[in-house]
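Just dropping this structure here.
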Amino acid sequence: MKKDKEKEQKQEEQNRILLQGNEACVRGALMAGCRFYAGYPITPATEITEVMARELPKVGGVFIQMEDEIASLGAVIGASLAGAKSMTATSGPGFSLMQEHIGYACMAEVPCVVVDVMRAGPSTGLPTQPSQGDVMQARWGTHGDHSIVVLSPSSVYEFFELTIQAFNLSERYRMPTILLADQIVAHMREGIVLPSKEDIEIEDRPQPTVPPEWHIPYGDPGTGVPPMPAFGEGYRYHVTGLHHDLRGYPTTRKEEVESLMRRLFSKISNDLERLQWFDSFYTEDAVITVIAYGCVARAGMQAVKEARAKGLKVGLLKLKVLWPFMRRTVTTILDSSQKVLVPEMNVGHISREVKRVNQGNCEILTLNKIDGTPITPAEILETLEEVYP
Amino acid sequence: MKKDKEKEQKQEEQNRILLQGNEACVRGALMAGCRFYAGYPITPATEITEVMARELPKVGGVFIQMEDEIASLGAVIGASLAGAKSMTATSGPGFSLMQEHIGYACMAEVPCVVVDVMRAGPSTGLPTQPSQGDVMQARWGTHGDHSIVVLSPSSVYEFFELTIQAFNLSERYRMPTILLADQIVAHMREGIVLPSKEDIEIEDRPQPTVPPEWHIPYGDPGTGVPPMPAFGEGYRYHVTGLHHDLRGYPTTRKEEVESLMRRLFSKISNDLERLQWFDSFYTEDAVITVIAYGCVARAGMQAVKEARAKGLKVGLLKLKVLWPFMRRTVTTILDSSQKVLVPEMNVGHISREVKRVNQGNCEILTLNKIDGTPITPAEILETLEEVYP
Amino acid sequence: MRETSHLVHKYLRPTMRFPHIWCPGCGIGIFMHALIRIIDRIGYSKDDVVLVSGIGCSGRLPVYVDFNTLHTTHGRALTFATGIKLAKPRLKVITIMGDGDGVSIGGNHLIHAARRNVEIASFIINNQVYGMTGGQCSPTTPYGARTTSSPYGNPEAAFDVSRLVEAAGATFVGRTTVYHTTLLDRLIEKALTKNGFAMVEVIAQCVTYAGRWLGLASPAEMMAWQRDNSVTVEKAKELNETELAGKTIIGVLADRERPTYNEECTKLRTQELKV
Amino acid sequence: MRETSHLVHKYLRPTMRFPHIWCPGCGIGIFMHALIRIIDRIGYSKDDVVLVSGIGCSGRLPVYVDFNTLHTTHGRALTFATGIKLAKPRLKVITIMGDGDGVSIGGNHLIHAARRNVEIASFIINNQVYGMTGGQCSPTTPYGARTTSSPYGNPEAAFDVSRLVEAAGATFVGRTTVYHTTLLDRLIEKALTKNGFAMVEVIAQCVTYAGRWLGLASPAEMMAWQRDNSVTVEKAKELNETELAGKTIIGVLADRERPTYNEECTKLRTQELKV
Amino acid sequence: MKNARSSARKNSRYEIRIAGSGGQGIVLAGIMLAEAAILDGRYVAQSENYGPEARGGNSISEVIVSDEEIDYPQAVELDVLVALTQEACVRNLPAMKEGGLVIVDSSLVRWVPWDKVARLPFQQIAANTGERRAINMAALGAVASLCSIVSSASLVKVMAKRLPASKVEANRLAFNEALQATDKLKDSLTSLKPKDQFEI
Amino acid sequence: MKNARSSARKNSRYEIRIAGSGGQGIVLAGIMLAEAAILDGRYVAQSENYGPEARGGNSISEVIVSDEEIDYPQAVELDVLVALTQEACVRNLPAMKEGGLVIVDSSLVRWVPWDKVARLPFQQIAANTGERRAINMAALGAVASLCSIVSSASLVKVMAKRLPASKVEANRLAFNEALQATDKLKDSLTSLKPKDQFEI
Amino acid sequence: MKRVDIYRGWCKRCGICIAFCPKHVLEADKDGFPTVKDLEQCSGCKLCEIRCPDFAIVVSKDEEG
Amino acid sequence: MKRVDIYRGWCKRCGICIAFCPKHVLEADKDGFPTVKDLEQCSGCKLCEIRCPDFAIVVSKDEEG
């Protein structure tokens, strides 16, 4: 037995490879079945475009560099409608340009994955410096009301893993899924072991089970997510960014509009339980809990361990899903901790949400940095020591 | 005396003219000194573009229809740098496209006014139907952290008035100011009396008081707002969307970045007191207060009057500034009312903020409608009656 | 009542409301009829045809016809179409764009699609105005024309769309009016069967807004204008500059061959993969 | 040490760090030197010159020179420049764009600025690659070239930028390389003094990334390639197609007159205001 | 609910909607009504609605007139509906206040499932003036006669201002004709019983 | 503060930064170091930083090696700094851990205001192999000799994988030369007193 | 014998078919709808059908005729 | 007499000036910096100055010469 385990471990070690976060993202995408990528170079997401250019043709996929980011997401949505799992990657300025099409994909219910590797903003900002300044934009950047799923990795392996999950969720819900990485996670390299394809669960968009004449393109099969046949498979239907009826035809009828909006929101709001993705460390008896995500969660982890070593009862909640905000998970922490510290490389995005769901029982503290440098374990530790009751 | 007043009133009545909201916006802009407009047609903001095309040449200004919304805001920023008070107007899809340049104007500190006449979204949505779905986008739509001022009118006169104020604030703070109107306020006509130019206070961007050699383009004169000479007036300086030092030259130095960001935020955060713009009705003894803005505030007003007629102690707080969120004003209401009702033509944008600043003392209720139809007085009244303690 | 056009009934969606949304006499309907006619003549399976449009009056076309239809965002039809064609090369991808849609906000995608040579048959319904939003200037509105956004006359020169797209590298470029029915049919057929990016500029009347600067009231007058102000490429060669002034040259303006993007992709995947 | 170039010292910002940011031998610096030389020769007041750039290596140019300088967003320099020129017509507005900047993401603004004829002197530093982001394909990268985003060869054809801008209606179009110093000077001067929209395509070496597909290592080799692969418009007329294959035609490619947008604006304000 | 809606009305508040199809001058009629009410010293709020099918589709213009400032600027319950097409009539009846008045063109609208209806031949009146498009002004004539909210003097003033000089005369004629024709049956109207309808 | 930083270290955690200018192969050296550590069964996190002036400007590559999973993946306090230009040296000294080791090229870096410094002629060693660009591999030789975190066997393996076949030999040579040269003064190094510096 | 069918439900009375019939077969009725004035003259060229923006006119051989 | 000044602080040793001097006046020193090999030959054409991307070379008439 012991030998087996040793062997396994040895095996694992031999499979450990050094990958950059952006490369890991591409590996995840390919494993999830991504076969179309359209993109436009931008620091610090460019490697995703470059590695896709190299890898996609090898698996029979299509890579295209478009004229800009608007075109990139347009092409991605088109390819997805034709049946291909599709993705693009960018950073802040390009992400801003993609907002109209993100809303389109929400409305037309087209699965796709958009990676935003966050650099310091606003505007052109600091192209090579890390930030978490796009968290609210990922939720609210496009006009009009919609729901959206946003994931954020804190390590190279998580970037790989969450890319797969981003595809899965986008297929499951028929909506764009956004991956918010930060420049540190995107550019650093770590030794990781990629799982084999068999160990990974892949989801595909629901397919109609009835013949074309019976298929109602935007009907609710109960899950809120209508089956989605690809263009060219006999199910001819209409896709539009206008409010539409069950067949996809434009409507302004209040009842139809309302029922469409209700269904669109239901896809996520009915599934919140399944979207509580987090890691927690030492939270059971924590007096103060650090809530963090992305590279800041890594600093948080180290700070928490050191604080524990000093006898401080502190814990860490690492969020992997940023949107929908994990109210349930966070509420549990708010109930059990005296204080919560939310360190972020922005002026306080997730901390706003924590405050919103807080019922006043817990003290919410923030630690924000927007100078283009990462939050360090020392900074978090110092704050923890300062505010420790 | 009485006669004088009568005469005055008579005079006023004679000056009362029927104006569409969008027209009133143009009148306000011209009175505020707007001399450059670049835009691209889109329902329901098109009339602003059309009326500008007609009126600007008459006052020696320049109107240009650009190839798209990105170009429109680019031209507006350029014109502002050359010294002209400048503006553009659009609706959701165009507003999404403008996000990159909104961030640029924040970073480069270029005064300008962006009008977003909200229609129902997401995506192409319902082009002719009203909505308040872009409230969060106006705050968070561009990448990276920044602060911004967003105003929202509830009547034709307010659209006129707040357009003037939008120019004033954008000049005062050297940042883009956003006017969020809804389709109803933009398209309806009301009889209003325009004040004469002398009765209106106009603010202009601060000008340097020192000769060019001594001028420090991005230095803090104490107000957080550096003087802004126009291009071509002898003060040659560099403007960029990158983080920059006091001269405007790109920097990645942590200290310089931080001090720039601090100053940018300070412009608003130091002036919050002055940005509490609201009307309140019957709030002193209100058990329930309705907090509303835009056309919904009008429904709220009627509902509140009718409820009062029925003996219900309810009040209305009408917000004119949406961002920065009027925490102080709202907190006062949260302290004095048992319940607060926030009716919105979206899934709940401002109500999130109300919840965030609430210390748990007050019950926050929402009334949301996203079917493209306006919230009616009856709907608000009904809710008030239902939840009245 | 006896059935009317058997042909269109085969392609129109019975679930849609007719008559269609366009104003009486609008040229878009004439183009739509021709498109259906040619698709039928070529014999594509409905399942294999994808119709992609942007936003505008012309953008409302796809919803009426029983293909795979996609109504995208303003100006971006070609980007979606590119994704579709690359992801599923066997589909026949067609885009319908307005002059504002395809040449103002969407001008960049137009020239890049032409350069890239993705096999898309694209049609620009050039009514020289923004119809959908109420008659503003477009990049093809004639100089001096009064529109709702140029009340004192349009200060800008118009694009020669076909020339621009030709210069951008399109393998097929044609121009016609909806009056010229035979040419319309011929160009649609050539564009649909072209192995490469094809663009046809279809001059069509916006009776509601574009009639104004021509001083023309009725659809028939506008079509007569199309008839009287066009010369064929062939004829144009015989005319001098003064004779050509103010005339629109119609016909096949470019027709040439080079590998499509899909063909290049296949090459990448097969021959040249050994880096 | 004795002072070096008196001329540039008059225009460079002493507050900036030198040597500049560009790689050793990068062609952008050669263009910048020429631009300063010509501005000095024409004798503009520094206060009246506005230099507007987008994002890219070339976009870093304005910060070094003591004019009114504006570093905008990627691809949008011309939109800002349009606003400046219209709001203050007495300014001399100049844009500097890269080939990705000006022709990929910014291609639409380029053709519309040309059509609109706003009096802007625009320079596209065509190094046939995305320099700033690390050597990806641009719309002017030659077909088949291996770049960081086309590891198996570029599947797309390149734009003829000058031809495109000419077809879009620019009143002045010229092309040169940085090797051809006399022509470079002449075209810059013509563009700056043109009453209308002028575009000069400046072929410049990106030594770090674009040398690769030419198999050329050094800046000097790249400039020798510019020398050996260009023919002047005048000479080109004497050559047949085979002789011209692979050659870049340099010189004045278009030079014509029509009213500028500013002139049209004045007309609107004065003569034609009585609706 | 019904209760709430009804009570949501001020006494001086008066809501009128003109509905028809594109090209009938609906929007202009609403604007002119609003301007006339302003001349009469009243508060007004006017809005229109044309859905996505601007062209030839349904068109609505509504005017709220009041002696006090107007809180809610959209119609809640119509005091008066002027309908110039059959579809417009049927579509807008649900918005009527109980006891409200429906004014229709007698030849364009045949079926009016409402209690209190005034049928007038606007189309014909307009045609008689030689200006067929004056149908909207004819409708305003009936409004001026039947509704106290606006004076015909003010409406005539506004006409002179808003219409092209060459068309003013014919439009005023249509307006007056309709006004007089309606005046004639004013009395019969006030005594109308439910389900009564009258026509001239 | 200083306290907090120091305590923020695990025992097995080892931080090394290679700094120089663009073109010196800094990034590649970091990657190879990280890959070698992986072969040795360790956890690694590697990152690089080149500011906006990628071209010819300052370049940094840092590797964190540990026997446990690495929490914070950025350097906090350097155990080792390898500096290949004077500027890189001075700029990065503030990031050093007290008692840490600075390795520099003896001809490119003259002034090293630090206690514990190893000066080796990497440039020259590389030049001797005929492959002037092997300076980064020479530096890795010194690292292999002085730091326990990575085995030279693994480094050699990685070299064979990462470098173009034609260049492997020269690079390995440079690596070995530097390794041996450094080995020679290893002992003197451990006995260094503050302010002592040594050179070969 | 030709047949020219006009589908009034779809016809928007634009007048295009009438204006461009080379044989002047069509005319407007009092409501503006096209009607067949002179079927004899019809050449069956289908131009009216082809140019109708509303698919409201169909020219065919009368099967029964 | 001409002067050719090379400003080492700015020169990036790209070699352009050396490669294209028509008179072969310049050569690289051991560090790669251009130096004047043969001033006599210099025609004062300024091509080296004009083509230097870094403004690091200046050709002038030597005032004192």
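Note that the chains are named A, B, C, D, E, F, G and H in the order they appear, and that numbering of residues resets to 1 at the start of each chain.
One rule holds for everything that comes next: a residue touches a chain if its C-beta (ideal position, glycine included) is under 8 Å from a C-beta of that chain, and two chains touch if they have at least 3 such contacts.
Predicted model only: the values in this text are computed from it and were never measured.
Hopping across touching chains, the smallest step count from chain B to chain H is 2. Counting steps between touching chains, the shortest path from chain D to chain H takes 1.
Two chains share more touching C-beta pairs than any other pair, namely A-B. Of all chains, the one whose CA centroid is most distant from that of chain C is F.
The mean-CA centres of chain C and chain D are about 33 angstrom from one another, to the nearest whole unit.
As a whole-number value, the distance joining the C-alpha centres of chain F and chain H reads 39 Å. If you average the CA atoms of chain B and of chain G, the two centres end up 56 Å from each other. Centroids of chain D and chain F (each the mean of its C-alpha atoms) stand 43 Å apart. Annotation for chain B: residues touching 2 or more other chains are 54, 57, 67-68, 70, 93, 100, 104, 123-124, 127-128, 240-242, 250, 252. The residues of chain C that reach two or more other chains are 22-24, 71, 73, 104-105, 107-108, 112, 134, 139, 151-152, 261, 265, 268, 273, listed in rising order.
Along chain F, residues 51-52, 56 each make contact with two or more other chains. Those residues of chain B that touch chain D in the shared complex are 35-36, 38, 54, 57-58, 60, 62, 64, 66-68, 70-84, 86, 100-101, 104, 230-234, 236-242, 247, 249-250. Chain contact summary for the complex, chain B toward chain C: residues 40-43, 46, 49-50, 53-54, 57, 65, 67-69, 93, 123-124. Interface of chain A with chain F (complex): residues 13, 16-18, 127-128, 155, 184, 187-191, 295, 298-299, 301-303, 305-306, 309-310, 374, 376-378, 381-382, 385. Here chain B touches chain A in the complex through residues 70, 91-93, 95-97, 99-100, 103-104, 106-108, 116, 118, 120-129, 131, 133-134, 136-137, 139-146, 240-243, 252, 254-255, 257-258, 261, 265, 346-347, 352, 355-356, 359-360, 370-373, going by the rule given at the top. Within the complex formed with chain G, the chain C residues making contact are 1-6, 8, 12, 18-20, 22-30, 33-34, 37, 178-179, 181, 207, 218-220, 223-224.
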